[in-house]
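Labels run A, B and C following the written order; every chain starts at residue 1.
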Amino acid sequence: MSDRKTLQIQRMSAHPGPIPGTGVQRDVQVCKLVDTTTCIGCKACEVACVEWNDMPFGATTFDNTYQTMPETRWNFWNLIKFNEHPREDGTVQWLMRKDQCMHCADPGCLAACPADGAIVQYTNGIVDFNQENCIGCEYCVSGCPFNIPKLNPGTKKVYKCTLCSDRVGEGLEPACIKACPTGCLKFGTKDDMKFIAEERAKQLRDNFGMEKAGVYDPESIGGTHVIYVLHDATDPERYGGLPKNPTIPWSYTVWKWLFKPVLGAFALFGGLGVLLHYVTVGPRRPQPEPPNKEGTNGNGD
Amino acid sequence: MATAIERFDERARRRFESLGRTVVYVGELRRHPVYTRFLHWMVALFFFLALFSGFGIYLPWLFRWFTPIFGGGPLARALHPWFGIFCVFFFGLQMLNWLKPMMWTPADTNWMRNLRGIVSGKEKLEPPDTGFFNAGQKLQFWEIVIGCVVFLITGIILWAGARTFGSTLVAISYVLHDVSAIVMLGGIFVHIYLSTIGEPGTFQAMTRGAVSEPWAWTFHPAWYREVTGRDPRESYEKAREETERAVTQNPSESKLRSK
Amino acid sequence: MTNGWIDIKNTDMMLIMGGNPAENHPCGFKWAIEAKIQRNAKTIVVDPRLTRTAATADLYLQIRAGADIAFLGGVINYALDNNRIARDYLVNYTNAGFIIKEGFKLPDDGLYSGFDPETKMYDKSSWNYEEGGDLSGKAVLPTPSGQNARATHVQGSDTGQGHQGASPAGAKAGASPVPLLPSKVAFDLSLQHPRCVFQLLKKQYERYTPEMVERITGIPQDQFLKAADLYTSIRKDGDMKKVSTIIYAVGWTQHSFGTQIIRTAAMLQMLMGNVGRAGGGVNALRGHSNIQGATDMAGVFDTLPGYLKMPNPNDVDLATYLKRITPISSKPDPWNSFNYWSNTPKFTVSLLKALYGPAATKDNDWAFHYLPKIDRNYSWVNIWNDMYEGKIKGLFAFGMNGVMIGPDSTKNIEALKKADWLVVCEIYPDETSEFWRAPGISADDQKKINTTVYRLPGAGFAEKDGSFTNSARWLQWKQIALPPPGEARLDQDILAMIYLKVRELYQKEGGKFADPVLNATFAYTNPYAPSLAEVAKEVSGKALADITDPKTNQTIKSGQQVPGFAWLKDDGTTACGNWIYSGSWTEAGAMIQRRGTEDPSGLGIYPNWAWSWPANRRVLYNRASCDLNGKPWDSSRRQVWWDEGKQLWVGNDIPDFKPDSAPKDHMGPFIMNPEGIGRLFVPLGGMADGPFPEHYEPIESPIANPLHPNQSNNPVVKKYKTEFDKYGTADQGFNVICTTYRLTEHYHYWTKNNPMNVQLVPEPFVEVPAELADRMGVHGGERVKVTSARSHYIAKAMVTRRIRPMKIDGKEMFQIGLPIHWGFRGIAEDEGKTAKTLANQLTPTVIDPNAFTPEFKGFLVKIEKA
């Protein structure tokens, strides 16, 4: 790996102790910018993703839409979601949004994952799955607010967009970015992308009459490393169910990191408790046979 | 219904009695038939397998050393639901087997009132109306029944995953599965303690199936009375008073306690 | 394209119509996006469907398929009414001020003057300029530059026009006296003369009121006005700084009046002064990576390479032919005209030398008599019609799938049944080579088909080198990515083998007129596998003797590549396969292989990237980007300009102009026209169906033309007469308007064989408006049957709100659309997942009278639940 700096592990699922190599790397955050106002739904990114990642082709069925399939698959990580959004005047706004892993700053999948090293977050912000460590429990699936990780039923491993960590690690842009013909996909540092996105949103507000144009970089999960420019940032749901305030289920946050150990300890206290009972109170033994009983004393032990 | 279950249990007990034996020596009472013991140990086996394979998933940073026992994370993950299914299956049979003796009675309410005395060791004997199972055992039994139901439902939801049941249900199940495990884990300490060193003489009930008569009348007086037709309670009280007097006179001697 | 792909980024306003670049040219569409982002450029999309292009537009209007001229005519009317025109440009760079002959009549009744209902052709003698001088009486013109007045010949494209259809009447063309353009054109630069082009234009389009536009196009007036206002807003108060572009594709060409739609666009652009300017122009997006190259290299029956006209039987010798096709300038006397086509003899003789080498001598008219002479219309539809009628016995089909292309695929299949032989060179088993397996042909029927089919394994695009010429006229070289698999051969190897075998047979056995075959130049290093680099050099041209430029004293030695077409001679000392490609491969190397990424002007000219014809010019007519004095209209987009010091035209682009013609000489910027100016009015033989475009209804239309109900269709369009040529009407129940199109996910009829593309869009479908689907009781994904007068098509319905019901001439109507990609061979087809019907079984056999393109867009069908 020529550029270990960008693929320095920042967090590691279920890993005790410090992360190897921390503190010796720079921390440039990478980011993918998707401008939905200039996406033309050409699906070049879909094809580039499938080809770069060498995925097998899967059958699809016509479903009254231009969308390739209803949602991403374990072997199809990048899907443009097509939505016909009815406007108030009866016309239709045709929305196309490239759906893929959002590479959350606070990744729900990683929080949910119980397998050591199955999910890592690099210091550059990429959230990556290491299938060799994956135990196939699919907790990540329910931990993800964007419905991204998908189980391969054959291997019982979960897969998702890697933000082409293999390419980014070599200093290349992700495959989808390279394939995008219109430049609606951009890749760079989070700061730069955020700047470009905000500028574009401002341009849409000032010059194209889209008063509600804005950037989707949800704070509720600490921001994402894939950000969108939306025609109407007040209603991300219309873009094929982009959650307005994505959250990680509390079971993978408060529960997992607070109540689990605490209550687990309580259970262990059960063990301690009985020990204490033995020491202080002592065992309760069978009482001797009372005198009115004929024969020998019973032996309790 | 009840009769159908009884017939089923009866048949199972008979069949198992022909597979194994329960030897009852003089001074002993038959406590658990082979069928019951078989179920118990099956439940125990799969409970612990499920427990230990689940530990690694429950708190991996603490318990990840459990997973190699099961052939690594993926295999532990793959086996865990099956362990659980078998545990629940055998416990289900046990439940049918014990449905009747586990029914709550006024005696149990009475027992609960004396709980403090029993736990603190002040009460050397169970209340005289304590039957085959005491209220504590019944409580734990029903807790396990509920726990198993929760395990089963939430386990299936977790097993099939968010693909089938959606993230919310999985997230809820995730918590309930944990809660169920924690409660059961707490219970299992008490269970093991009381069946071994906490109440000596108990363990053999689940191994050989027989218990000593003193054990029986100490811990399950009503059952003892029912099986033997005798009630040693009064004589015992008298004997105890004598003993206590003797102990007061000579603190070093504790004849009754030791034997 | 007058401009180029990258140049779109320089625009301020885009009108995208008759094209769907986001879907069909996604890579080029990046420049439209670039204009939006960098310049806040606005986009107006007018299309029958809300396409993926429309999804990115600032304004989308749903138009009835085939009503484009009405819309554009309405915009012209709006621009004229609101003075959103470029007055100086109009007066000096177009024929707005030219006076038209007395006797010319506008088509108030649907017909221009001179129509002969018998032959369905026009006598165009009244479509001409009046001879004379300044009729305004207040000429503010540069001094006349001593031009000699000469009688001129028509620069007409008489070839082909009027030759369509079943009547092979074209042989007579040229027999009657040919009308001529006057060398001195009468003019009125105040544009007030009632017969000046500008006033006629006004009169022609004042009928295209917003009400009329609404009736014809189905676009509500308020929306139309919004679009017209937005589009013309760049010329508010006559300000010349901003530029707008018009982008189109086959959605315009594939009509029985397709060429006229494009002319309407060109007129609008000239009215607004947008032609020749960075970010402006009229930009045709070509549907194949190399369709521009195919046209340039005479992939059309009526041209020779470089758009030289094909000889006809009346061209008894080279002189007659050259006299006919070489135009002589025709202009207001005080003006100047470069008339670049006056060099036609040089290009023609150089071509003949390239074709026949030493066999072409001065004494044998440079072997002019070797060239085939076209006696009738051999365009696409006529080839199939002739084959059906038994006049064509065999067909070579290379790189195309004739059965799928249609129109009326059923007729094409029937035609192939009647052929003796068919040779198909393909990379997949296709519908043409397996026409005998078409659904509906039983085993017994198959036994009756006697066509011998030869299938040759061709090579895919990545297995060949050579150049592609893109829509921007760039010749770009590509390398071989991998060799052809198995026994597959490169196309040029297959063609060479066939040629060499035929030549060998002629050598051995002789035959009728063997000379052209025996004497054709074939001097490739390996004649059995001609190197495409050698072919490209041959096309670019070389000197056959030492030639010297008297001005610079530069000498090109015999055998060296010529630097450009300016060096071509008509004395046999140069050979050039295509004059417009001359200079693409010079002594300096292969210009078409250049990969320079310098763009000093920032206008996206990239002069050192590949090579653009002609002479590496990136924007055609770029002289028009400057005002009369040679200063750019917009100083921030400087393409070329007049350098007073050097007394030359210089700039970031190569000037498309006579480099030393000073502005005071008033030479017209449109140097390829004999007038030197842009034609708002096309005189004489330029167009078959009228000097101004007029809205006509498609051949199959649900309404009578609101402008002139008694002349609803294009009067010069002829219907075909075989039993397959049926045309439906609304009265027969064909009351739904249907259009065909391509998807971004598929490439014509090839990618249905590629799993990746099939995964993206697995099956054929029909886009149906939700309201129509409700009425039919059809839900998305259910099968529907679309029936035209000719055949039917079955596919699943895509029920959508992106196509809405519309009011056409007051009546509620529906449009549906169907992608053309599926046939009876392919992954989904072979798995039995489709109905195996072909979209082009529905389309009618009818063609545009100028370009002979079939009317694939806008025909009538009925639709029902299948």
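As a convention for this text, contacts are C-beta pairs under 8 Å (C-beta built on N, C-alpha and C of every residue); 3 or more make two chains touch, one makes a residue touch a chain.
Note that the structure is predicted; figures quoted are calculated from it, not measured.
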Chain pair showing more contacts of the two, A-B and A-C: A-B
Farthest chain (mean CA position) relative to chain C: B
Chain centre separation (chain B, chain C; CA means) in Å: 89
Between chain B and chain A, distance of the C-alpha-averaged centres to the nearest whole Å: 42
Centroid distance [mean C-alpha coordinates] between chain C and chain A, Å: 51
For chain C, residues that touch 2 or more chains besides their own: none
Where chain A touches two or more other chains at once, by residue number: none
For chain B, residues that touch 2 or more chains besides their own: none
Partner chain A, residues of chain C touching it in the complex: 22-23, 26-27, 29-30, 33-34, 36-37, 40, 50, 52-56, 58, 60, 744-745, 755-756, 758-763, 765, 779-781, 796-802, 804
Complex contact set, residues of chain A against chain C: 37-44, 46-47, 50-51, 57-66, 68, 84, 86, 90-96, 181-184, 200, 203, 207-209
Touching residues on chain A, where the partner in the complex is chain B: 13-16, 114-116, 118, 133-139, 141-145, 147, 150-151, 156, 249-252, 255, 260-261, 263-264, 266-267, 269-271, 273-275, 277-278, 281-293, 295-301
Chain B to chain A touching residues, read off their complex: 26-28, 56-62, 64, 73-74, 76-78, 118-121, 124-125, 158, 161-163, 166-168, 170-172, 174-175, 178-179, 182, 185-190, 192-194, 197-201, 212-219, 230, 232-236, 238-240, 256-257, 259
